[in-house]
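Here it is: the structure, laid out below.
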Amino acid sequence: MEDIKLIVDGRRIDGRKPDELRNVKIEAGVLKRADGSCYIEMGNNKIVAAVYGPRSLHPKHLQNPNRVVVRYRYNMAPFSVDERKRPGPDRRSVEISKVSKEAFEPVIIKELFPRSSIDIFVEVLQADAGTRVAGINAASVALADAGIPMKGLVSAVAVGKVDGEIVLDLVKEEDNYGQADIPVATFIRAGKIEGITLLQMDGRVSKDELKKALELAKKGCMEIYRMQKEALINRCRGDEIVE
Amino acid sequence: MKLSNEIVADIKRDYVYQKLRNNERIDGRGFTEFRKIRIETGIIDKAEGSAVVRIGDTEVMVGIKMQPGEPFPDTPDRGVIISNAELVPLASPTFEPGPPDENSIELARVVDRGIRESEAIDLEKLCITEGEEVWLVFIDIHVLDDDGNLQDASALAAISALLNTTIPNERFGYGDDEILPVRDLPVSVTSLIVDEMILVDPSSDEEKLSKSRITITTDTHDNIVAIQKSGAYTLTEDKLYEVVDISIEKAREIRALLRDV
Amino acid sequence: MEDIKLIVDGRRIDGRKPDELRNVKIEAGVLKRADGSCYIEMGNNKIVAAVYGPRSLHPKHLQNPNRVVVRYRYNMAPFSVDERKRPGPDRRSVEISKVSKEAFEPVIIKELFPRSSIDIFVEVLQADAGTRVAGINAASVALADAGIPMKGLVSAVAVGKVDGEIVLDLVKEEDNYGQADIPVATFIRAGKIEGITLLQMDGRVSKDELKKALELAKKGCMEIYRMQKEALINRCRGDEIVE
Amino acid sequence: MKLSNEIVADIKRDYVYQKLRNNERIDGRGFTEFRKIRIETGIIDKAEGSAVVRIGDTEVMVGIKMQPGEPFPDTPDRGVIISNAELVPLASPTFEPGPPDENSIELARVVDRGIRESEAIDLEKLCITEGEEVWLVFIDIHVLDDDGNLQDASALAAISALLNTTIPNERFGYGDDEILPVRDLPVSVTSLIVDEMILVDPSSDEEKLSKSRITITTDTHDNIVAIQKSGAYTLTEDKLYEVVDISIEKAREIRALLRDV
Amino acid sequence: MEDIKLIVDGRRIDGRKPDELRNVKIEAGVLKRADGSCYIEMGNNKIVAAVYGPRSLHPKHLQNPNRVVVRYRYNMAPFSVDERKRPGPDRRSVEISKVSKEAFEPVIIKELFPRSSIDIFVEVLQADAGTRVAGINAASVALADAGIPMKGLVSAVAVGKVDGEIVLDLVKEEDNYGQADIPVATFIRAGKIEGITLLQMDGRVSKDELKKALELAKKGCMEIYRMQKEALINRCRGDEIVE
Amino acid sequence: MKLSNEIVADIKRDYVYQKLRNNERIDGRGFTEFRKIRIETGIIDKAEGSAVVRIGDTEVMVGIKMQPGEPFPDTPDRGVIISNAELVPLASPTFEPGPPDENSIELARVVDRGIRESEAIDLEKLCITEGEEVWLVFIDIHVLDDDGNLQDASALAAISALLNTTIPNERFGYGDDEILPVRDLPVSVTSLIVDEMILVDPSSDEEKLSKSRITITTDTHDNIVAIQKSGAYTLTEDKLYEVVDISIEKAREIRALLRDV
């Protein structure tokens, strides 16, 4: 497996340069019933996110008297992967849901809605590496679409090491046969990265490679951020046209 | 917060009902008129077949996965259909995470019955080695937006996805890929009974008035292949036959859309 | 399989005519602990039903402040079918429980017992096609035996299409190799059918065949109704003797 | 509603207890007397064996299903017994739907122990192919009416059903059907300890007084094959030996009934 | 299997005499977070027990307004037995937890802490026959270590019949190939056995053999009791040294 | 009872925090200092390998079980690692019985990632028959006492137990037993972020102040093989690199202890 060349003449297997994102398409407000929603395509990932809330939380013992409870459910459709996935949460999706929730909690202004919940649902309809970061990008737009008060947006990408090189936004083959995968979510306020709210890594990198990877991640997150803002602006325009 | 929500809901329900009493549906449709139906297929490359169906704002995705597996002992030469529905909480404020409840089980089973009883899939062509290996056809219904009448949207998405399905022979070393043999087009039509009125293709606002539904699934020959009365109410025979007539007619119209898929 | 002849010279494999019920035996008040109970044999089906309630419902969030909550649990004993059934509810029994509950709700006078529940339990001890309708027939008598206020009785049969003919009360082979199976429950008040409270169908019939089937179903339900009444009368007599 | 129910229950409990203090059981039985026992077998054709046992108003059905399956690695030449009890909510107002709780697990395991330890079934005769295939014997205990002493009713129904069991060789192509080889008749006798009194075969009214039970299962040679102290209480040795003597004697009486099955 | 000789010249396979206990090591107060704890080795059994409480019990409907609720969870580590055990409770551990709880309830003074719970947790790290009685011995010390008011201690052993002889404290081979296994727990107050709080048996013994077995069990329990007391005394001394 | 407990907890939390503000940890440690680490191996004979690790009063046991099983289809010639953590309620007043929650799943998965990504186990040596049978390596993490920093204690116990593991070839008839080939020593170092402070190896009292943790796992060549930011907080890059430097240094110290195992 290690003899597969994933980068040839500076081009990756899908023709991208190392620091290039896949095609990204973001659309806000795609669902009627949800309070906020977003559809995202990041390469071959197809993901829809919905937000409900703030809404009253039951049973009562789950409530927090001082702030809203944020819940996050990352879920894969059974047909989203090569081998049919059994419905329901597995260990991987439980972990992803946990760290994704933690990526949003520092950004949501939680004190405004005591005893309530904000529920974020992410459905992966088709998966091709980087679903957790794509899901976070969609969830971020869905939260804004739902009018949830936030200090900024959360924008996320995966970076990694492939054929010894640091690359942005891995596809499945790069994830499987590369040397490292590093999902990163950043909190961006007014066009400025305030810090990292999700960071995981598996693989093998030196400290210097990690630094280089995070530089690339920041570049990628800023690009995502611009596309998220654009999707939200389009959404507002759409609303205006309707009205 | 809950209280005022409930008041708004009550007012809305009254409004929908008053309109009906004046022979009007809130979205201006005729009583036997479907909302706009849109069918898209082949959106999920990872699936052997897929479709998204939108009926008004209701949106259901179905993905078909196929894999070799064991036949049932009493049908050793036939493929196996496994239908499943996930009412994921993304699709409605009333859905909860967790294992399938009675509503999602009923939804999947009524879709399954329409496909199975119309013999839409030629299961005998899905035998690999008699008694040992046949194709399993997983029909996974993934509801994305519930604005009412999930039953018809799910059934329509299921048959649309099947029409779009390729048997992945190559991946498992069984020769060239083939088109899944689909030989009938079952279409389900659901009506809501409100007082003496029949409301075809109820929206979620209308479903709040009443849970008295009936689903009639018919095949290309106008035969009835599945019926499901759902909801706690008493149905008269006359009303039933009226619904059957409407359902046959509506199914013909919808089937025409399927022919373009 | 299609070449098995199920009707020969107007007689079905168990010798019945197309419009004939299997032997039916109904006995009310067979259990001590339940508030009402009934044992039924419909052909080879052997089923016992019990009713508990109205009784207070816990936890509280399940209560309805305006009416009683009806619950229905259809369950098959592991030894009731050819291949041992794993204990616990499967998808089929969940669906049957739902539509059976809905068959009774229009008939039970629910407003009298707010915040309470009426629990109906149906145990299939031996199964031979038509268990859901047999279970409903038993449950109906058990409800009356428990003294639950009802507007009438619920009487149910399956009708179907076998060898091209419409027949009443299918046995297993007819269900497996026939062309249609149509379980029907009717609400009968003072000897008059008020309407249909359960209706399902799978198979393939024309509209005219459906009509014919429902005519036959009504006939069957009336016969069942008479036997249910008889069982209840016998039950009262039994009580008198005891007292 | 609950409140008045509880008051009635308290009054009844007091009444039962006062009677006992006067050396009387409410149904007039002697302290070591069983209620009337009735055994019916062969009622379920779909099962390989079946029995209904009634002890007074307590009613338990047991069905035996047999199917070929894998032996345990450490007993490659022996059949396998799998016992299961369902306390279905039909049988008592206190049973809840759901997976087996500690009471139904204990019930099934104590029944299982009596059958296993008395070597009632000749498991070596249930080997089909050593190390590969043996008969699995499913003992499914289905409680229908719980008027007390489920333990003895279940154990008696289990052994009665086994006596009535046919090995379904034909269905699986292993030659002619055979009678299941049963070579012992374990009988369990349960006593309730109330203060210093021993109440054999407690009714549900009596079980409300105390949960201090002890079950002694004996074989045809008056050997003890299973004991289960159940309930939070301190048992003295003297009381135990008294219970053992009673149990051996009562088991002999019940075993006589089994010989007529 | 029956031809394996387990007792030769009055000596058992591990060299013990029939009335001899395995080596027992008891240490109280081994865990920091628990309110009381104990580690026990009984032969090759390695078990740790912890007690939490009395502590408030939630949800409320589990509370008893008149006395403390005792809960007991016997659990085997996946690596404690030859073939890896799947994590989580199985039927055997549910039954053991039930009878073990009942072994303690008559000894704990329950009226002092209404609406609260005392939670006893027993983790079997290595199993070699007699884990339930070893667990009870450890739990008894852990309860005392937690300062739970008790009328005495619970001391337990298994006795059994091996090669036709009544023996004390069986090892795995004796349990597997012997003729009877009888776990016994006794309630001992001020050095005197008050009675039996746990008694189970499977195998085959006559009434006389049962009597002989219980005599041996009482002897074994008294020895265990002395070791439990010693462990508690050592624990107090340890506390003194620390203070 | 609960109320006063909460008041005490608040006072303690304040005290811990005030000390920190004065540059002191309550147990007197330096900010990058670990508590005393003790490693014991080989305590569980029934397991193929085992270890107990104590970091201060935190105590974690890991047992390794090995058994033959099927490889994954995409790695037919490699053994399989299955990691599992049980946060049994014995170990902390906050753990509840029941299936693994998000915390125990995260714990196990981060341990697993360190071992997997460092390629600590030579999985190719665990192939028995390519595509058919390989060794399954079960890493079961059993937490006994949670006084903080379970993550590092679990990771250290896991690699210690692996160093102590024997492949049980004999039991399964595959020749002589062998030492499990371990070729790297991944070590994880967890820091708690409190305001701008970095607290290496947080105790449970410190974990009550903040849930903002980060775990860095490094291999023998000081490469980073796993990172997990855990907790709802914003991490700055500078802080991250500071933590990475500390973690590499601390891991080296701990790895020296492992060499004596």
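The first chain written gets the first letter, and so on, giving A, B, C, D, E and F; residue counts start at 1 in each chain.
Here is the rule we use: a residue touches a chain if its C-beta (ideal position, glycine included) is under 8 Å from a C-beta of that chain, and two chains touch if they have at least 3 such contacts.
This one's a predicted model, so the numbers in the text were calculated from it and none came from an experiment.
K.L.:
Please give the intersection of the contact partners of subunit B with those of subunit E.
P.N.:
none
K.L.:
Name the chain whose C-alpha centroid is most distant from the C-alpha centroid of subunit A.
P.N.:
D
K.L.:
How big is the gap, in whole Å, between where the Cα atoms of subunit D centre and where those of subunit F centre?
P.N.:
48
K.L.:
Subunit A to subunit C: how many Å between their CA centres?
P.N.:
Computed value for the inter-centroid distance: 52 Å.
K.L.:
Find every residue in subunit E that makes contact with two or more other chains and list them.
P.N.:
Nothing qualifies.
K.L.:
I need the residues of subunit F touching at least two other chains; which ones are they?
P.N.:
Counting only residues that touch two or more other chains, subunit F contributes 100.
K.L.:
Building nodes from the protein chains and edges from chain pairs that touch, which of line, ring, star, complete or other describes the result?
P.N.:
Basically the chains close up into a ring.
K.L.:
Under that contact definition the chains make a ring. Starting at subunit B and heading to subunit C next, list them in order.
P.N.:
Ring order, starting at subunit B and heading to subunit C first: B, C, D, E, F, A.
K.L.:
Considering the complex alone, what residue numbers of subunit F touch subunit E?
P.N.:
So the residues of subunit F in touch with subunit E come to 1-2, 43-47, 50, 57, 59, 61, 63-65, 67, 84, 86, 88-93, 97, 99-100, 138, 140, 142, 144-147, 204.
K.L.:
Can you tell me which positions in subunit B touch subunit C when the two form their complex?
P.N.:
Going through subunit B, the ones touching subunit C are 100, 102, 105-106, 108-109, 113, 116-118, 214, 219, 222-237, 240-241, 244-245, 248.
K.L.:
Please give the residue numbers of subunit A that touch subunit B in the complex, ascending.
P.N.:
It comes out as residues 31-34, 44, 46, 48-50, 52, 54-56, 73, 75, 77-84, 87-88, 116, 119, 121-123, 125-127.
K.L.:
Show me the residue ranges of subunit A that touch subunit F in the complex, using the header's touch definition.
P.N.:
It is residues 91-92, 94-95, 97-99, 101-102, 105-106, 182, 187, 194-207, 210-211, 214 of subunit A that touch subunit F.
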